[in-house]
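Both complexes shown next keep subunit A, but they swap its partner, so subunit B is in the first and subunit C is in the second.
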Partner chain A sequence: MKSLWGKIPEQIPRLSVLLVILVVLFIVVRSRLVPPDFGKYGHYRASAVDEIISQEIRYAGHEVCAECHDDVVGAKKAGYHKNVACEVCHGPAVAHTEDPGSVELRAPRARRYCPLCHEYRPSRPTGFPQIVSNSHNPMKPCITCHDPHDPKPPVTPKECHACHGAIARTKSLSHHVYVPCTRCHETPDEHKVRPRIVVASKPKTREFCGECHAKDAPSEKSIPRVDLATHGERYVCWQCHYPHLPEAR
Partner chain B sequence: MMESLKDKSKNSVARRNFIKKLTFFCTSLLIPSFVNSREKSEKAKKWVLTNGYSPAEHYWGMGVAINKCIGCGRCVDACKRENNVPREPFFFKTWVERYRIFKDSETIVDSPNGAINGFEYPRVEKKAIIRSFFVPKLCNQCNNPPCVQVCPVGATFKAEDGVVLVDSNYCIGCGYCIQACPYGARYLHPVTQTADKCTFCYHRITNKMIPACVEVCPTQARIFGEIKKKASPLVRFMRMNKIGILKPSLNTEPKVYYANLDMEVK
Partner chain C sequence: METIVKELFPLLKEITGYIYPNEIELQWGILVVVYPYVTGLVAGAFILASLVKVFNVQELQPTYRMSLLTALAFVIVAPLPLLAHLGHPERSFEIFFTPNTRSAMAMFGFVYAWYLMAVLLLEIWFDYRGDIILWVKTEKGWRKWIHKIISLFSKDTSERALRFDKKAVKVITIIGIPSAFLLHGYVGFIFGSVKANPWWSSVLMPIVFLFSAIVSGIALLLLIYMVVTPLRAKEIDMACLDKLASYLFYVMIIDFSLEALDFIHRIYESEESIKILAELFSGKLFVSLIVIQLLIGMLIPLGAIASVKMFRTPGELKKLIYFVSALLVQVGIFTTRWNVVVGGQLFSKSFRGLMVYKMTFFGLEGLLTSIGLLLLPFIILYILFNILPPWEKAREA
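So, the complex of A and B:
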């Protein structure tokens, strides 16, 4: 009877030695190559997080400015730019807060800066104040008329189209061109000063349009008439007809 | 004949025993790794960074109100300044897209230079537009991030507070994660040749500040905050708005929430 050792084929012990060497080599190489803190909390280097948070901070945040510039910050608080952080226009401020004497911040005075936000762009939400800079006092820097810390129109606008330009241009092409805005919208004088807080009214009922367009309305004969009782009775007029360009299809 | 049958049955019992023991043995091999991973997550809960911030106590997200974005590109500019992103085009941690949806339902999406200088418009649009709006984009900080799954070396990972980070000293620049990101939020940094992306300004939020893009947004189109705490501007934002996420079918579970998301936005 052969011993157990003798029963094992010759190639097995030889290959096992090779296998053990390979395994040891793998363990040694792996322990050398993998950083010691890899896998401490998960499948990553734990010290990487500390490296990432050591990145330099450049934007100081809106609270810091008031410590020295409380007058400007105070003026800004009451105006339309109250939610626009100082660093939007003046740039990253950490360097300036650390050494106010030698690091000065930029103050964009050129005319091309303000239109970044306020140029008329059809994709912008309605109601956001916009201008067409080509026709809005060309060549004049914005800051000659508007204080950027408390921006408001330098003079109270007299005409609606000063702010509602897109609507005014549309209406000028329509049959409603000679209908004054105030025929349909009640505009308190306060609206011109505080447009967001005191808003102009809008017509609410079908009968309002009927004052001109109903069958028996006491208006000029050339105005198109509809029978309010049968014409689209489940809708209000402006669901189908855009009042500023009623002939549009 | 009988003998051989007996042998067979004997053999089969031995084989069954062998398989049983093998299964027990293999399962017992898994115990250390199971215990280890539980231990790790316990340890991670107590983890405090060098600046005193403990990641496990937070869970960050961002809200974007599409109807408030004016496409001024101040967020893109601030992001590049704060994070030292190369100024030339094609390298963005955040960018703003313009959507123009025409009446024939053709949709044009563009983002010239990431909108860092705003947008130019044709004097006359060649077709009538039915809807148009801006969509700020950034890394969605997925809860189930495909970029982390594909990283061959463990250089990108989800931190305890849910933010997906890149270890630029460990990244080998293979670009797998850039391919894997369904939102195109990653780029290869031209100088370091490593993957880079939005980190929610991790160096700021761990120091009780908000990300630079949120800081400078003039219309508050971006809201940043905790997802799981009650006193959080983001939770209020999610309560007050109809919320959508990008590519929900991919199950990446993004943590950037869009209010008033149009169906054309992908």
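So, the complex of A and C:
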């Protein structure tokens, strides 16, 4: 036994002692610093859930609103704002549900509130109603014309750019600037009232673009021409060319 | 909020094309550039050391201990840019105590700890142990005690013990090579695995990172060797220098080929991102990618070292060319990191616009901190050279 011990080089026991010290130190420090309930449910402290639960609840949820304000909630359900919860505009409502008499909820009436969602931004989806608030009936609070619970426009928009702002702005930079939207899209009147259900049409044939761009088309000479028989035969033109900015590459 | 707007608003004017609203602010700045640069130097310096022990390149013996200590000095600094960037350094130990095995970033802590403790410190300890015991015998005061503690109060200088040291060093180096590959390959992996970013997302990324790391490590050692030796009033070993330059040359050729392969692959694939990337190369990254990284950091040093190899060059001119080339390589590799980290954030995910990065000078994320972090390893290295002189074999004294 003694000879075996003697055979081990001196370095091994010294490093082993250091390793043991480090491992023990790690285990001791870890047991002190890691909360005992860490990892019970997942990679977090289990008691964190209770701490979060014990936080004060401030939002009541829109189902509670319907219990007293069923008329308003009913109107909202049928309108464009059906997916906007009541508390988005009226603020946290728990205090109001507990004591409706003394705690009143306020709705923002100032003109700057609605543009938080409806100001024109190129990144907003096309078809989402957007305005440039500086030029859209300046100074008037939005609610003088629009009922926020059923925000149908008081007058059906005449121009497409009321909803399709990004397309209108893109088109205004392109060679198609003087082509009216309705030259290519058939827009039933219903589209302006129920835009997602009754949609505008798109050109379905190559010959449609050919009305201006075909070799023998009776259009202005400066318009670029293609031979429809040989140019990208299987595809409708807009599958390759973006019609609102055809010069984009 | 107001300060953020004040800082970001001027950037709006320099944006071209279309970007998403949350892309105006670049999240990874110069500190995240410094991090892979420093880690690369660690891996590169270690690979150079392994050339001596595993591949028996005897000419490089004078740089062996120097490269180990350089790797140690830089590995100590490697996590600091991350800690400064993330904030709350006091929480960093939690990645060790509650390891999250599904996060590659969290696992880095273990890769780092393994490399530092199981590879570098252990190899240095075994290599120096015999010498330290001899130093302790002749020393007095605090130096004696520091050396005693470092050697873990070891006393055995028998032939058998020294033979064991040698064997241990060799085994650790063999383990160390894949570990060094892991350390820096991992850094490349972090970028290469970001699938949403076409500039980063590439399987070649860890390999390109690794070879550029070896390039920068060898170049750094060449610089350190050329500066330190005259300071000690010693003659530079030309055979060693030539060998260093040769290895630098070969690895640079591999690195260059890999980067060219990556480039050709991208162009041939021509994914939808290629147009915006082309715009990036020819515009915002032209100077840092084409001029500095490719021309100044790669082609000129390659040409210079190649011409030294081809023509008979007088010793002093040779030294000058090696020195300047190694310096240019450092600049080149730093810009490589810059082009990856910052370049990858300069184009919009819409592929239709380019952003801009404005570096601050002061502050935790600024240029000053980065310069400090790049100087810190040299201060540590100075201290290490003092405590563990890499050139002094006590037995010969």
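To be clear about the criterion, the second predicted complex is superposed on the first by the 183 of 249 C-alpha atoms of A that agree within 3 Å, B and C clash if a C-alpha of one lies under 4 Å from a C-alpha of the other, contacts with A are read in each partner's own complex, and residues count from 1 in each chain.
FYI, a residue touches a chain if its C-beta (ideal position, glycine included) is under 8 Å from a C-beta of that chain, and two chains touch if they have at least 3 such contacts.
Just so it is clear, the structure is predicted and the values come from calculations on it, not from any experiment.
Colleague: In the superposed arrangement, does A:Arg30 touch subunit B (first), subunit C (second), both or neither?
Modeller: Second partner only, subunit C.
Colleague: After lining up the shared chain so the two structures overlap, which partner does A:Ala85 touch, if you call subunit B first and subunit C second: first, second, both or neither?
Modeller: First partner only.
Colleague: With both complexes superposed on chain A, which partner does A:Tyr235 reach: first (subunit B), second (subunit C), both or neither?
Modeller: After superposition on chain A, A:Tyr235 lies in contact with neither partner.
Colleague: Is A:Leu15 touching anything from subunit B or subunit C once the two structures are fitted on A? First, second, both or neither.
Modeller: second
Colleague: Could you tell me if A:Phe38 is touching subunit B, subunit C, both of them or neither one (first, second, both, neither)?
Modeller: both
Colleague: Per the overlay, which chain contacts more subunit A residues, subunit B or subunit C?
Modeller: Of subunit B and subunit C, B contacts more residues of subunit A.
Colleague: After the superposition on A, what does A:Ser123 contact: first (subunit B), second (subunit C), both or neither?
Modeller: In the superposition, A:Ser123 touches subunit B and subunit C alike.
Colleague: Which positions of subunit A sit in both the subunit B and the subunit C interface?
Modeller: Common to the two interfaces on subunit A: residues 38-39, 43, 121-123.
Colleague: So in the complex, which bits of subunit B are touching subunit A?
Modeller: The touching residues are 40, 43-44, 47, 49-51, 53, 55, 67-74, 78, 81-83, 98-100, 117-119, 121, 125, 129, 132-134, 154-160, 165, 167, 169-170, 199, 202-204, 206-207, 209-210, 212, 215-216, 218-220.
Colleague: Considering only the defined contacts, which subunit A positions touch subunit C in the complex?
Modeller: Where subunit A meets subunit C, its residues are 9-11, 14-15, 17-18, 26, 29-30, 33-34, 38-39, 43, 121-123.
Colleague: What residues of subunit A sit close enough to touch subunit B in their complex?
Modeller: My answer: residues 35, 38-46, 48-59, 61-62, 81, 83-85, 87-88, 91-92, 115-117, 119, 121-125, 128.
Colleague: For the complex, which residues does subunit C have touching subunit A?
Modeller: 18, 20-21, 93-94, 96-98, 100, 122, 125-126, 129, 152-156, 160-161, 164-165, 168
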